[in-house]
Amino acid sequence: MNEEPKEPARVGQGMDYGEQADVQQVHAAVQREKREPRVGAEPLSIWLIAIYGLAIFFGGAYLGRYSGNFSSGGLDPMGAPPPAKKAVAGPAGGEQAAELSPHDRGKKVFSANCQTCHQANGQGVPGQYPPLAGSEFTTGGSRRMGMIVLKGLQGPVKVKGQQYGTAVMQPWDKTLTDKQIADVMTYERSEWGNSASPLTPEQIAALRKELANHPESFTEHDILAAPDEDLSGGAPAGGAPAKPGEASKPGEPPKPHG
Amino acid sequence: MNATGIPLKEPSVSAAAGATEQLERAYIDASTRVPVLMFYTSAMAWLILGTLLAGFVSFKLHEPDLLSNISFLTWGRVRPAHMNVMVYGWASMAGIGTAIWLMARLCRTVLRYPLLLLAGACFWNLGVLLGVCGILLGDSTGYQWLEFPGYAAIILFVAYTLVVSWAVLMFRYRRGEQIYITQWYLLGAFLWFPWLYAAGQLMLFVVPVQGVLQSAVGWWYANNLLFLWFGAIALGTAYYMIPKVIGRPVYSYHLATIGFWTYALFSSWTGMQRLVDGPFPAWMITASIAAMILAMIPVATVGLNHHMTMQGYFPLMRYSPTLRFTVFGAMSYTVFSVVGLLISLRSVAGYVNFTQTSIAYSHLGLYAFFTMVIFGAMYYIVPRLVGREWRYASLIKLHFWASAYGIGLMTLMLLAGGFLQGADMENPTLPFSETVETVLPYLRGRSLAGILLTAAHFIFAYHFGLMLLGLGRTSTVPTFLNPVEAEETSGGH
Amino acid sequence: MKGLAPLFLGIFGTFAFSWVGLTVLPNWQMGHLNPQSDEEGTDIYPQPQSGMFERGARVYAANGCIYCHSQQVRPAYAAADIERKWGDRRSAPRDYIFERPVFLGKMRMGQDLANIGAHASAEQASPAPTGAAPPGGSPSGGTSPAASPAPQGGAPAAASPAAKQSPNPSPATQGASPGLAGSPATASSPATAAAASPGASPGSSSPPAGAPPPGPKTGLASPSPAAAANATPGGVTAPSSGSQTAGPPWPIQTIGEPPMYSAAWHHVHLYSPRSINFDSNMPAYRFLYKKRRISDARSAEALQLTGSDAPPEGWEVVPTYDAKCLVAYMMALNQSHPLSEARSAGGAPPAAASPAVSPGPSAAGSPAPAK
């Protein structure tokens, strides 16, 4: 406490840097200042060690209890087991999906890709997107429908007596696989009161090969020029949605039409 | 002439500061004068600007139509502007200024390469200015605490590189084998900040991480900025100022060591607790909450160390402005940590996450803890730089009480309002608008507290301005807060 | 402490520990999530957004929406977010993989926005009426960019999530709307709306005095073809909606509000929050709108403003491009698609009433006894 330097000789002299530039005239604040801090060496108290123990105990317990198993999917702190089904189709999810019929698989493809325009009820949008429910293209031969789905359609088109044509249907051959196209067509042909024949991936593959050189979208004229017939190799027309087993049955080798 | 540039022999080892040591300090203080004052003056300017913005933000929150038609004065822009002015303008610059002075003092060498610091200060000011203008003009990045657009961030980083390279150079020239506790913290702060800032910028803007991890990086950055940058500077300053003013050694070296290393280890793991129940793997959030629990170790250790150092000397707080501010800040560190722990426990956070409590927490850390310690340091350092004593004890007293009551009231208002808001929010039968109505009276109370803080800052800025202009008192005795009785003059300030 | 080396090493070591532990390790563990899809690679969620969405996110950032609005739904065992109808499941990391920046938020002075786009009525979400509507005074005319972010996305596969959701009317979303919105405009069927209207009243106790209760609102709305289409089960736009005529579908003199959470509603809300919710604390964002003289006909985009907010005769208020992007961004915020990792969280603790699984009854039942 009584460490303050007592050097009366200097006191009162060099208070102000502004007036006395000589730094040797030590500033009063510096003069009266205590020496630079030092460090004592008191030992740790037992209470502090107890606090450390408590903190480590509770911290560890908290971490253990709410860790969610340290997994990336463990959003739940109570460590509930991560969901059996992997987010990106894992084996479990695959099994489930395998049990779906082509109709149900097609429904998924439809909701992901088609219903934005054609709507979930297959009614389309008046004046813009033609309906699929009861449409002569959907319920007719699968060839015309397959052409439209694979390569798209543009220009005016008449469906169920109504004129459409402001919107363009994009080609799907680049986006969807044969299986997906077959599924979605099967779905569309058997939903909303439609009852046309199901499609197999092989039929689509054949049609895809056949149309491989056709560059852009079809017009209504192109479509109507094609025969209104089913693609060869499919199940008989008018049949109910195929059973899973049937759908995966390989069809006949495709025969390209002239 | 030895390596320090001071033509003196090694200082005496006596308990009292010898004549040589005094002279040495006078040299050092004189050498730090321009850079430190430059940082302090800039910081004061930002403090005033930030305070004005804060008042605006606070009032607009309950008067939403106030000037809302002007795009750059819309609440959503002024709020980040206020926060960034305070964080990067005021707190960082005042912290760097204090750290420079402490480094020079503790390395016991005159300040080398002042140009590095002057350039650093200029760039820093430029960066903050550009950043704030960018935010107001609609260039905010949208990441909390990192709103400054890229061009400002780069300038800030350049400025920081200049400062940190100065700090490393200073360390090379230091005298004496011992590295004092304050230097641990300052060195830590100087080295942690660039890593932190670079990691934040790189992982968010240059090679951004995916999805929610951006939020994780953002809050990791924000909390570490609070702890490892501001907290480290404030703790280091407190470790210097308290023993210095009362003239007594720090209680225990062991406590200091444990306190420092546990602080570095545990508080750096916090941050994710602010995202409790968010879309993250549970372990990340739990790890941060556990770190908050473990951070009670440095809190208890450092708190005990400071308390035992102060024991028997608490009456000195009646007289010494520095001690009063610093002890207030050091105590707030404990409050800040305990409140932080309480509001991050999962059971509580379910209520108070997404409420005003998180604002209360930030203000506890950045104001009640950091800013108060820095105010104390400025009351100590500025007279040594300008060669005058603070002019009015009454202004210092006013500053202290307005600040202390202001931040106390603000914290209470925000905590209470936040808890009620959270309780309302957890009651799904209450319409959402009622949760807002519940908190509005507390926000008005917060605005009242803001007026107190504004008054405090204007008083301090005025006083600081007087000192800068050389209008301080010319005296041999420091400006005590209260008249000192004869036997108590030993509170060498 | 003596010697610089241990100090340096310790300082670096401690921080490296935290840096690796809290940023690098999580990035390694979950920094490369893929969208969820089913076996065939269809039904992909989430899907990248672009165009107006990205710009809207920048407007959202620039104007600090994040300081009052969070975008995350907490699980049922932790908070009442799901009961508040802010979503029907908790948010998961996968919901955000395409977002940059991510606006999780830390404050709720306003509603959570994680699912704000899902609350839009089906009419708004579906692109149909947008294209079909004559450019007259249709309420959706001004919302065309918002209603169909899909074209910006390129492939139709990237159709707006809201649109994708509409044909799959989970009772959760549909039933949730009245409770949260306090407006039955978003209800899927009149029956649901009627059933939910008592439940909706606590949610809508804030409308200014004089505003009719939700029930009558439905009645007033019914003449509007748009609203009728809205009420079609399944939220599918009925064919008749294409033939709607010009003129406000909403009786302006009575209510003057577009359907809750529709794009037009967002515009009015951004321009004048207190005209829609008297208690609102939100600042108005009028600088995102232009007041201009009507040149020949009133623009389809013009806001339907009433009272003191209405522009003088011969003038109209139209959104700037930024405002349109902001609304497009909000309309695309939608986490209603199921996620496998978030499903498990709903029923985990005993306290949770598993609202994620069966939100229907809770939506219809729980608010009803209130008040």
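In this document, chain identifiers A, B and C correspond to the written order of the chains, with residue numbering beginning at 1 in each.
Here is the rule we go by: a contact is a pair of C-beta atoms (placed from the backbone, for glycine too) under 8 Å apart; a residue touches a chain by one contact, two chains touch by 3 or more.
If you're wondering where the values come from, they're calculated on a predicted model, not measured in any experiment.
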Judged by C-alpha centres, the chain sitting nearest the middle of the protein is C
At the largest C-alpha centroid distance from chain A we find chain B
Averaging C-alpha coordinates per chain, one finds the centres of chain A and chain C separated by a number of Å equal to 19
Distance between the CA centroids of chain A and chain B (whole Å) is 43
Note: chain C sits from chain B at a C-alpha centroid distance in Å of 39
Multi-chain touching residues of chain A, meaning two or more other chains, are 72-73, 75-76
Where chain C touches two or more other chains simultaneously, the residues are 29-30, 33, 75, 90, 92-94
So chain B residues touching two or more other chains come to 181, 279-281, 287, 346
In the complex, the residues of chain C that touch chain B are 1-4, 7-8, 10-12, 14-15, 17-19, 21-23, 26-27, 29-33, 57-58, 60-68, 70, 72, 74-75, 78-80, 83-84, 90-111, 182, 202-206, 273-274, 277, 279-287, 366-367, 370-371
Within the complex, chain C is touched by chain A residues 72-73, 75-76, 78, 80-83, 85-89, 93-94, 96-98, 100, 105, 108-109, 111-113, 115-117, 119-121, 123, 125-129, 166-167, 170, 175, 177, 179-180, 183
Chain C residues touching chain A in their complex are 29-30, 33-34, 36-40, 42-44, 75, 77, 90, 92-94, 126-128, 131-132, 150, 155-157, 159-160, 163-164, 166-168, 234, 236-240, 242-243, 339-345, 348-349
Listed in rising order, chain A residues that touch chain B in their complex are 1-5, 7, 11-12, 15-18, 23-24, 26-45, 48, 51-52, 55-56, 58-60, 62-63, 66-77, 79
Touching chain C in the complex, chain B uses residues 60-62, 64-65, 68-71, 74-77, 79-80, 138-144, 171, 177-179, 181, 184, 187-188, 191-192, 195-196, 199, 203-204, 208-217, 220, 224, 228, 257, 261, 264-265, 268-269, 271-272, 274-281, 284, 287-288, 346, 350, 353-356, 358-359, 425-433, 435-437, 439-440
